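The same chain A turns up in both complexes below, where it pairs with chain B and then with chain C.
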Partner chain A sequence: MQLFFKRGTLETQQTIIIVFIIVVLILLGMTVFYRYMNLSVKNEFNEYEKKSFDNLLLTFPMIPEIVCSSYGVKENLCVDSIKIDSFYVLSEKEDNYYLSKLGARNITVTLLYPEYKGYWRIYDNIPNICLSTLIKRTPVSVYIADKDEYGIGEMVIQGCFD
Partner chain B sequence: MGLLMVVILIIIGAVFYLKYAVLSDKDESFQSTEREIQAVNSVKALMNLETCNVTIKKAIDMCSNQEDLCGELSCDYLDDFIKNVYSKVIEDDYLFLVFEGNSEILRVEQNKCEYGVSSGDQYIQEGSNYYIVRLKICYR
Partner chain C sequence: MLLIIFNFMKRGQSEQFNWVFVLVAGAIILGFFVMFVFKYQDLQQKKLSVNVGKILDENIKLLETTELYLDDKEFDLGLRVKIDFYCQDQENFFEINDYFEQKLKNIVLFSDANYVTDSFDAWITSWNPGFFVANFVYLINPNKVIYLYYTQNDIELLNTLDFPEEILNFKKVNNINIDVEDKKDVVILFLTPVQSVNSLKSDNVKLRGIDSQRKEIIFYEDQQKRSKYIGNEMIYGAVFSENYDMFECAKANVFNRLKKVAKLYSLKASFLNRVITKVECDYNQISSELNRLSQYEGEDIEEIMASIIEQNNELGGRGCAVVF
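Take a look at the complex of A and B:
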């Protein structure tokens, strides 16, 4: 009788220990899973941000606000220097709209060819505090309106990422 | 019970391993895309330029017909012009090719450029003639 009671106690204790270990493992698993999911969502968001940033390199020179056109029809694929100046003023005025469309970016164009001075600030919306910045650059065709000729500029897009 | 735990742990480990193995090489495609955009834009920007009062497209057409441009053979003139322009735009070595059908009519090369990122075939039209322009940039 005494031995039977001791064995029962022992088995109960074993069960409690196993249940305790399982609970600990489940809690540990949930914590790791939560952290992993959190990190995964953050990574996917960053990946999306980078992709949209990369897309901007391709699509921004073609937006109607700055692309060369005649009577609303796109001609040669280039950016118009007069439109750039107007767009800078517009983007300051409609900053919320362009912030949602373009994000926190600085966009500039520097003329590389021909070799006279040419520098345009297109869009300026990077916050003062920025955890990390990414810079992408690409050559673009620039229509220099006051000289009525085409040049090649370097478009630099600076993005702010958290 | 112990065996079950070991199996569960192995499954969790395998899921993590697969997840990381699948997501490993994303940055390389991102780089490649950016460089392809740079190569394509370099060709398109060049095609809008003018020299000697003719467009580059016209100059390529003249090169194809072995005509003179600004007192010299148009192909030689284009070679110098493209080298001059790209020396300001492209920091790396490059290979610029123009084809009419399958025959190469212009080849401009900065150092030796074998392996790089290509703009792919860019089609240009001058009058009734079509040309294929290809730029390869060999990033250092």
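Take a look at the complex of A and C:
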């Protein structure tokens, strides 16, 4: 009789242990899956940031601060060299305003043709420590105001991402 | 005998304990599953919100590069979401499903404040009071109907307004008795100030008026508040804005931008003065005027702008490089 009771107690204890292990496994599985989903959302957000960066390459050359213009009419796909120099000075004075518009970026233009020494820093706000950087380039037409000539240049945008 | 009965009772207690344990464990597991389902749903919403934000941003960028308009078939978000647009501290930003928030960085947005939608009509114009200052983007509910009420005296103004009829439900009327009962979202723009619009006031109707003499837009449902406009682009903005406050916030954003661009042109004029040494090319006056514009606090900029444009044209006429 005592043996039966001991066996019954043993079986109960076995059941408890098995159920406990199953619960722990389920909880582990759910935790891992939840973390995976969370990471997936973060990745989606990073993808958005990178896409936004690509879009900046398309739209930045057309902002009123650097786009070429003649008698008030803007000329798309062209950047004015003197406006670039002015923008660099302005962006340093109006730090917060342009930081909220452009973020942590470094933007430069290098003249490729004709072969003068043409290099302009447009915007410089990259922190010293950056987890990852992305660099994109696009060709632009450059109006060299002091020579009243057009050239071909390359705009480089460097972005800092977490 | 007693011992046997006692032992049977203990076995009964053991089975009871088993059942209690199974019920409690089952309840805990079920609770975790339910919590997990809610968390999963929440994460999926967040992921979808970011995705919709991506599509919204891309379409706006597409508008900026093509400078035209997009109808609701082209500006499709893929699924129905809640989008709220805000204008605070001269910044535009949107929030999707109360989760994903993003600033609209280089454009000025005129739009209703709250949407539950899966698509937009969208239109872009450039605001150029003398030189290019900013792009205005108008985001429009595809169900919105716009009535343009005009009289014979308004034909000249009517002909200057250029709403894109390709994407908008747009009607010109000269009878003030407009039937709006079966329409969900209506804007009525009066091209001349109207005394009594009470008969037209309704939850689904926004009423705007233009006072072309004083260059003011009247927001009838906001206690007939008036706001100055410069250029037809601002008239369009008033038509598509939620209310007076959002329009004023967007306008403040625009004027802030104008000051920055004016400051830049003032710097450019100073640079040109150093680089170009021809006697007839004196940029001091225009540089000083542009600097004054960059610090000007009011909205009545027409006189300063006219003076600056004249000086710019004179410089061009003398064979000098123009400032803008």
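Please note the rule applied: the second predicted complex is superposed on the first by the 140 of 162 C-alpha atoms of A that agree within 3 Å, B and C clash if a C-alpha of one lies under 4 Å from a C-alpha of the other, contacts with A are read in each partner's own complex, and residues count from 1 in each chain.
In this section, contacts are C-beta pairs under 8 Å (C-beta built on N, C-alpha and C of every residue); 3 or more make two chains touch, one makes a residue touch a chain.
Given the structure is predicted, the values throughout are model-derived calculations rather than measurements.
Colleague: Taking chain A as the common reference for superposition, should the pair chain B and chain C be classed as clashing or as fitting?
Modeller: Fit - chain B and chain C, as placed by superposing on chain A, sit side by side.
Colleague: Considering only the touch criterion stated at the top, classify A:D95 as touching first (chain B), second (chain C), both, or neither.
Modeller: The answer is neither, since A:D95 touches no partner chain.
Colleague: Tell me which partner A:L27 touches in the superposition: chain B (first), chain C (second), both or neither.
Modeller: second
Colleague: Considering only C-alpha centres, what angle arises at chain A between the directions to chain B and chain C, nearest 10 degrees?
Modeller: So the C-alpha centres give an angle of 90 degrees.
Colleague: Using the superposition on chain A described above, determine whether A:L57 touches chain B (first), chain C (second), both, or neither.
Modeller: first
Colleague: Just checking: does A:E65 make contact with chain B only, chain C only, both, or neither of them? Give me first, second, both or neither.
Modeller: Touch status of A:E65: second partner only.
Colleague: Check the residue A:K136 against both partner chains and state whether it touches chain B (first), chain C (second), both, or neither.
Modeller: After superposing on A, A:K136 lies in contact with chain B but is clear of chain C.
Colleague: Of the two partner chains, chain B (first) and chain C (second), which one does A:E47 touch, if any: first, second, both, or neither?
Modeller: both
Colleague: Touching A:M37 in the superposition: chain B (first), chain C (second), both, neither?
Modeller: Touch partner of A:M37: chain C, not chain B.
Colleague: Quick one: smallest Cα-Cα gap between chain B and chain C in the superposed arrangement, Å?
Modeller: Between chain B and chain C, the shortest C-alpha distance works out to 11 Å.
Colleague: Once the two structures are superposed, pull the chain A residues common to the chain B and chain C interfaces.
Modeller: Common interface on chain A, chain B vs chain C: 40, 47, 51, 58.
Colleague: Which stretch or stretches of chain A touch chain C in the complex?
Modeller: Listed in rising order, the residues are 1, 5, 8-9, 12, 15-16, 19-20, 23, 26-27, 30, 33-34, 37-38, 40-41, 44-45, 47-48, 51-52, 55, 58-59, 62-65, 67, 69-74, 80, 82-83, 85-87, 89-90, 94, 97, 100-102, 145-146, 148.
Colleague: Could you pull out which chain A residues touch chain B in their complex?
Modeller: Checking each residue of chain A against chain B gives 18, 25, 29, 36, 40, 43, 47, 50-51, 54, 57-58, 61, 76-78, 112-113, 115, 136-141, 143, 149-152, 154.
Colleague: Along chain C, where are the residues that touch chain A in the complex?
Modeller: 4, 7, 10-11, 14, 17-18, 21-22, 25, 28-29, 32-33, 36, 39-40, 43-44, 46-47, 50-51, 53-54, 57-58, 61, 64-65, 91, 103, 105-106, 126, 128, 130-134, 257, 260-261, 263-265, 267-268, 271-272, 275-276, 309, 312-313, 316, 321-322, 324
Colleague: In the complex, go through chain B and note every residue touching chain A.
Modeller: 1, 5, 12, 16, 19, 23, 26, 30, 33-34, 37-38, 41-42, 44-50, 85, 88-90
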